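Next up: the structures, one after another.
Below, chain A partners chain B and then partners chain C, in two separate complexes.
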Partner chain A sequence: MRTLLKVGLLVWLLACIAAGTLYAPLARRLFEMTRIIYFHLPVAWITVIAFALSAWWSAVYLRRRDLVADAKAAIWAELGLVACVLATVTGAVFAKGMWGSYWNWDPRETSIFLLLLVYAAYVTLRTAIDDDERRASLSAAYSLIAVVTVPFLIFVVPRIYFSLHPDPLINSQGKRFMEARMFEVVMASFAGYLAVFWWMYRIHLRMALARLSARED
Partner chain B sequence: MKDSVAVTLADTINVSMAQRSLDQRIQADYVVMAASMLVWVGIFFYLMRLDRKSKELRKS
Partner chain C sequence: MGRVSRGLLSRALEVARKDWRSERRAQSGLASIGLFALVTLAVLSFSVGPFGAGADLQAALLWVLLLFTGLSGLARVYIREVDSHTAAHLKLLAGPLEVLVGKSLFNLWLLVLVELFVVPLYLVLMAPRVRDFRVLLATLALADVGLVAVSTLLAAVVAQARTRGALFSGLAIPILIPLLLAAIGGTKAALGVTPDARTHLVMLASLDAVLLGVSVFLIEPVWNE
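Right, the complex of A and B next:
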């Protein structure tokens, strides 16, 4: 049954890729660059969700002092970092196609770069401490401080300064500047990639639990 | 000022994209679509393998 679900997920993702090419129209002025949106947007949203979940499990750890909660916080931070790198790379490819260079120090690019540094420091902090309890406490506190920067860097900074980055879905006007079929593909891709990240989380968690029980033995 | 630069750059790139024939564009679309699908099939099998290994690790 579970294998069937996983195969269903693969079929769903392949259908999303096909829909991005065959079903959704190309955005005006973006031409083929439009298709990056179906990957870039979902992974950017998953970044925010993963960092928020990391902060949630960090708070749970500080309340219960449970190392499983700490493991969950670490996994979500790492997955968020992976999603953040993917969003940055695809964003840079889009920038090359649209604005002529991979990196323009646009407010959006600068803020995602800062976010990468913040969470790369989190991962570094975790690898620098050997003691489980101490590592869990310090990284939980760090994660709760780090998550405050997420809405600020993702939603506030790019809206204060002029940015080349298009805002078709989340914008100050509260309107959706996207063709209906494109929006459908974006949302379907988002659901698919979210499922992939959930799957990766489950695999990672199983390994972390095995590691924890091995230490207890 | 910045806006006008961005529009000009985008226009330049889009014009060069539009200059390709429809056949060339469709052919490129299918190549990119097939490559993306292949990458995802690869990722899927890698995750399946990791999934199986993590289950074995948890049991042992």
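Right, the complex of A and C next:
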């Protein structure tokens, strides 16, 4: 059954790539750079979801003092960091294609880069504390103070400072400015990559639970 | 309720006074922050000069200078307690919130002292044309509150870690960037680069409120670890 799910996921992702190339039309003025949207948007959304989940499990740890919650917070932060690197790199490739340089300190680029720094700092903090409980408490506190800046970075900064970044789905008008077939492929890709990240999360969680039970023994 | 807040404030002021007494006794702390600010400002002035930078760059350089000067001194409040083995004693005398408020007040006082020295010197050496001093002062005041809120809480975090100095800056700067962007925006408005100071001041005030609220909420698990 599990093998079937894995093969199904691979087929789904290949179908998404094919649909992005053959089914969805090119966006106006974006030309061939349109293709990168089907990877960049899903991983950017997964970044925010993963960091929100990390903050949620951090809050749960502070409430229950349960090291499993801390392990979940750490795993989502690490996976969020992976998604954030992918979103940053694909964003830079898009910027090179559209605006002529890989990095322009556009408000969106700045926001994603700062998220990268915040969670890289979170991971570094975890390596700087030996005691498990202390590491869990202090990193949970850092995760929560970091997450309150996220709405400012994602929603406020791009509204205040001029941005070249297209915002067809998340914008101040609350409207969708994306062709229906493109939107379908974006959502299908998002579901596929979310499943990949969920799979990675389950593997990491099993490893963390094994470590915790070995510690108790 | 009023009595509780008065008790909290008086104990917090006691913590702040104690920190100020140790700072004056040690003497080296404030002097080294002042020296750091002076050397950095000299390097900036030497490399850019009063005519080498537009108002945009001058606003950014002022905040880079204040940020790094502030970070060089603000982490010590909790580290000192851990290094001198007085943290346990302090925990018996005052609650986490009282210690946080006291140490934040002390850090705010330290930052204001640094700015009283650095900002006039910056205005002399870099010669930016300030169009609206009220906006500059409001930006400085609001940014200081957020800077102190984040720095003081993170000082309590890094005091319990193995590596401290570099880790403190690594943890604090990414969180402080939105505040820094708004502070630079407010300073640009004070220098007449942008007409809209209100947006930046409102963003600073909202960041202050959020960061202060989170610090108050999180200090208990951090300080009691």
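Rule of thumb we're sticking to: the second predicted complex is superposed on the first by the 217 of 217 C-alpha atoms of A that agree within 3 Å, B and C clash if a C-alpha of one lies under 4 Å from a C-alpha of the other, contacts with A are read in each partner's own complex, and residues count from 1 in each chain.
Just so we're on the same page, a contact is a pair of C-beta atoms (placed from the backbone, for glycine too) under 8 Å apart; a residue touches a chain by one contact, two chains touch by 3 or more.
The structure displayed is predicted, hence computed values, not measured ones.
Colleague: Putting chain B and chain C onto chain A via the overlay, clash or fit?
Modeller: fit
Colleague: According to the stated criteria, A:R206 is in contact with first (chain B), second (chain C), both, or neither; which is it?
Modeller: Only chain B; A:R206 stays clear of chain C.
Colleague: Just checking: does A:G100 make contact with chain B only, chain C only, both, or neither of them? Give me first, second, both or neither.
Modeller: The first partner, chain B, only.
Colleague: Which angle, to the nearest 10 degrees, do you get at the Cα centre of chain A between the Cα centres of chain B and chain C?
Modeller: Vertex chain A, arms to chain B and chain C: 130 degrees.
Colleague: Name the contact category of A:D217: first (chain B only), second (chain C only), both, or neither.
Modeller: A:D217: touches no partner chain.
Colleague: Tell me the contact category for A:K6 with respect to chain B and chain C: first, second, both or neither.
Modeller: first
Colleague: Could you say whether A:V148 touches chain B, chain C, both of them, or neither, answering first, second, both or neither?
Modeller: Touch status of A:V148: second partner only.
Colleague: In whole Å, what is the nearest CA distance you get between chain B and chain C after the fit?
Modeller: 15
Colleague: How about chain B: which of its residues touch chain A in the complex?
Modeller: That would be residues 2-3, 6, 9-14, 17-18, 25, 28-30, 32-33, 36-37, 40-41, 43-44, 47-48, 50-51, 54-55, 57-58, 60 of chain B.
Colleague: Note which residues of chain A are touching chain C in the complex, please.
Modeller: Per the stated touch rule, the residues are 62, 110, 114, 117-118, 121, 124-125, 128-130, 133-134, 137-138, 140-142, 144-146, 148-149, 152-153, 156-157, 160-161.
Colleague: Please output the residues of chain C touching chain A within their complex, sorted ascending.
Modeller: Those in contact with chain A are residues 150, 153-154, 157, 160-163, 167, 170-171, 173-175, 177-178, 181, 185, 199-200, 203, 207, 210-211, 214-215, 217-218, 221-222, 225.
Colleague: What residues of chain A sit close enough to touch chain B in their complex?
Modeller: Residues of chain A touching chain B: 6, 9-10, 13-14, 17-18, 20-22, 29-32, 35, 97-100, 162, 164, 196, 199-200, 202-203, 206-207, 209-210.
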